[in-house]
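Two complexes are shown next, each including chain A; its partner changes from chain B in the first to chain C in the second.
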Partner chain A sequence: MKARKRGSRKHAKPDGQNYVFRLFVAGDESNSSQARGNLARLCEEHIKGRYKIETVDVLKDPSTAYENRVLVTPTLILLKPLPKVTVLGNLNDTKQVLAAFRLTLVEL
Partner chain B sequence: MSNQKLPYRELETKIKEAEELIHALRTGQVDAIVGERQVTLVRLKQAEEDLKNSRDQLRALVANMLSVREDERALISRELHDEFGLALTSLHLGLSWISRKLTPEQQSLQEKVRSLSATTTSLIRSVKNIATDLRPGVLDELGLVKTLKSEAGEFERHTGIRCMFKTNAAQAKFDRLAAVAIFRIVQAALTNIARHAQASRAVIALMKRTKVLILTVTDDGKGITRNPIANHSSLGITGMRERALALGGTFAISGSRSKGTMLTVRIPLSRIIVGRNEGGATQT
Partner chain C sequence: MATAKRRVQARDARGPQKSKKKLPKVSTGIAGLDLVLDGGLPAGRVTLLSGGPGSGKTIMGLQCLMHAANAGQAGILVLFEERPAAVRQNAWSWGWDLARLENKNKLYLMDARLDPQAVISGEFSINALLAILDQRIKSMRAKLVFIDAVDALLHLYDSPKRERQELYALHEWLLDRRLTAIMTVKTVPQEGVPPQYAFLDFMADCVIHVDQRVTAQITTRRLRVIKYRGSGYGRNEYPFIVNENGINIVPISSNVLQHRPPGHKVSSGQAGLDDVLAGGYKSGTSILIAGTAGAGKTTLACVFTRAACLRDERVLYLNFEESPESLISNMLSPGLALQPLIKTGRLLVRSFLPEAMGVEEHLFYALKELDESQPRHVVVDAISACKRMGSDQAAFEYLMRLLNACKERGITCICINQTSGLDLVEDISGIGISSIIDTIILLRHRLTGGAMSRQLIVMKSRGSKHSDQFHEFRITDRGIDLVKA
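This part shows the complex of A and B:
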């Protein structure tokens, strides 16, 4: 019981936004749509209430993508907590994505 | 110490990013490439799928068209045989009856009747040939193996090109539509030999293996060149290929000046054999 409380304090933040993601997509293209859906599902399942997702559509805003050195879509960048992590692709591989965001051991 | 490590870490990160990028591209998980001035959509995978779907639809359409055409040919063949054949035979019998009733003095009438009778006989033969060409009755009556044997004999008689037929599937019972498809492939192959091969000898082989039926038609002619093989307007070859593919099989044709032309069709037994009859070799 105590351990669980400590664990929850470890990730709790006053503003409720421990994880900040920026997802670069290309409109409603197949991989982009999958990435959107997969990210929303993963966040709801593993860090519910503690995440924020900013979505950038490169078809409407290519300059932001270029400034962020995004080469392809979909690209997901974990901005917070640091260090920054970048994951490419449609995020279908749940285990890989969770591992990349250092969520595997804590949350699974 | 940490400053010395920095370039290595950066390099390591760059390599990891490059590997991820390659993986994403290879696995078709990228749908746009972001450039300084423009974004390029990557729809190669979708385009490939669309192309495959389009081909599949076209193939199904061709298979359906071939099937409909065979049905229509069979119908026309039956109509020709039943309607014209019967009427012409009656006419022929009537002319014979009149001929018997004429007296020796009616010389000019006798000649006219004889001439009409000869024309009628010729018409009966023509109708029979057209009906047989449209739908070889022997295929329904005697089956594929005997029909191919007969076709080889006819081909030899008409063209003077020695034609041999061999098989180890004499006792096999073939699906009706599949038998028609194989027969038409052989017909088209023999037509090509007669028209283009300049061959002196042809061999048709229908061999049953464990899981496939292999049809080969070979000749000792000048050998097919690449152009007609690749040319999609070469309807004979396209038709043969489509018939083979419609049966879940494969089609290949190759040629060389020294060896002539070899056509090979492989069809899964499950798509062509009815029942479990085995063996029985035939050679002509």
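This part shows the complex of A and C:
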């Protein structure tokens, strides 16, 4: 119990890279561009300075897409903190995305 | 441009008849299916395979892939529902070693299962899948793609309109790459393709429907080609079986009757009966021996069987009533030793329990035996038992096709039918096959003066003279004796 508490305090550290995302896009198709924009805005608004986004273009790197079992674009995978979460789509529904990333509390 | 123009002109000069080109086809590796499809699947086009659970869609597609891979053509299997490991394991039950072909880079099982826990927020497309597939196709130079359970992919979309768009996009994508593709879609038993997927039937160039039915507790699988753009195809429903070799279809061999003309007369094995029949049975024809229980039908058939074997002619005895052992022992009483004939390979007795399998499986084994053993004569004992394959319709199908197959091969076929009486013509010929029967012999008992006597009469004998009298006969310990009138 104690260890977990300490852990969560660590997460709250304002300058830590606590959120690691991997975003799979297909070139600059419309949904992919929207997802890129939506994710950047969302991170800036809610977890500013505590996130890292890795972008994979499936058209250039299909192998990484396959390794991650990504079949549709855009696909966003939250790698950290665990558990891993996958969100499909252009991330237009901010509320839903935040809920998926268990970010509602941070928002408050 | 110039070359193209010249080519067009050259084609016109050749006239319309010669410019008629046959659609290029890809063999499915399933002999019967290639026949039904007039050569195979349309090359460079999309074939839709629809069917309910357990109808054999995956095996059929896998068999096509295996066939292509063994011939050196690489193929990819896209799995939306099953794990590759499970498919490999299932393939083993047909003795198919997928891993061997995978190692040779002739086959690739692509795990395309979607994460069921994924959250959906906004629009997306299957570009990633296509990019992965594209890379794989290029590296393997694959020509054949089998997409299993495309409906699982479509479930991702919340609107039928989006499903349709995405599928059309996939279809175009496959056509652009000139891939020969097979897509499966699940149907609801008895209802067909769900309405939201009905457009698939319009989209694909070739649509095959498979189903599995249970009638009278016997399962049968059937296949029907619903459409095939630019090609002729068999338009019936074709039963098929799945056995240790994969899919087997026995198509009703041809739409024209290609029966061989009846051959010379062969002895019935009984001199007196030969006289009655003006020389014996005609080889290559169908003969029906009908009569009540105990009238001597099997004995009469075995008299012929033994005589034929002794003439060095092979006989296939399909027995639906008793085991080979019991037939052998029962025939010892009228002095017909069958065991030595079996030993020399002249006589083949195959016993089947009619209800053990469906019509097509029975038919498959019978036709296989016809091709492998090349018998001159076949005995079916008894057609009345064939009803236990499911229904009158099932028995009719079995016999009609077996008799047809025999006639095409010039094989004499002796059918035994047990009747309850001798009055109804329907009952005598049984199951409506009389039109294909050339000779009918009736056997009956009669009680005269405190004793039972047996009689036979030839009711019909196509293209041959025959006696129109009842003839008395006896079953002795040396076969059958006809009493001189």
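Definition applied: the second predicted complex is superposed on the first by the 92 of 108 C-alpha atoms of A that agree within 3 Å, B and C clash if a C-alpha of one lies under 4 Å from a C-alpha of the other, contacts with A are read in each partner's own complex, and residues count from 1 in each chain.
By definition in this document, a contact is a pair of C-beta atoms (placed from the backbone, for glycine too) under 8 Å apart; a residue touches a chain by one contact, two chains touch by 3 or more.
No experiment lies behind these values; they were computed from the predicted model shown.
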Quick one: chain B and chain C on chain A, clash or fit?
clash
Tell me which partner A:39 touches in the superposition: chain B (first), chain C (second), both or neither.
neither
Which chain, chain B or chain C, is in touch with more residues of chain A?
C
Is A:26 touching anything from chain B or chain C once the two structures are fitted on A? First, second, both or neither.
both
Answer with first, second, both or neither: which of chain B and chain C does A:96 touch in the superposed model?
second
Given the touch rule stated above, what does A:71 touch, chain B (first), chain C (second), both, or neither?
both
Is A:85 contacted by the first partner chain B, the second partner chain C, both or neither?
second
After superposition on the shared chain, which partner residues are touched by A:47: those of chain B (first), chain C (second), both, or neither?
neither
Once the complexes are superposed, what residues of chain A are shared between the chain B interface and the chain C interface?
24, 26, 29, 31, 58-59, 62, 65-66, 70-74, 86-90, 92
Chain A contact footprint on chain C (complex, rising order)
110-115, 117-129, 131-132, 134-135, 153, 156
For the complex, give me every residue of chain A touching chain C.
24, 26, 29, 31, 34-35, 58-59, 62-63, 65-66, 69-75, 85-93, 96-97, 100
Can you check the complex and tell me which residues of chain A touch chain B?
24, 26, 29-32, 58-59, 62, 65-66, 70-74, 86-90, 92
Hey, which residues of chain B end up touching chain A in the complex?
17, 20-21, 23-25, 27-36, 38-39, 41-43, 46
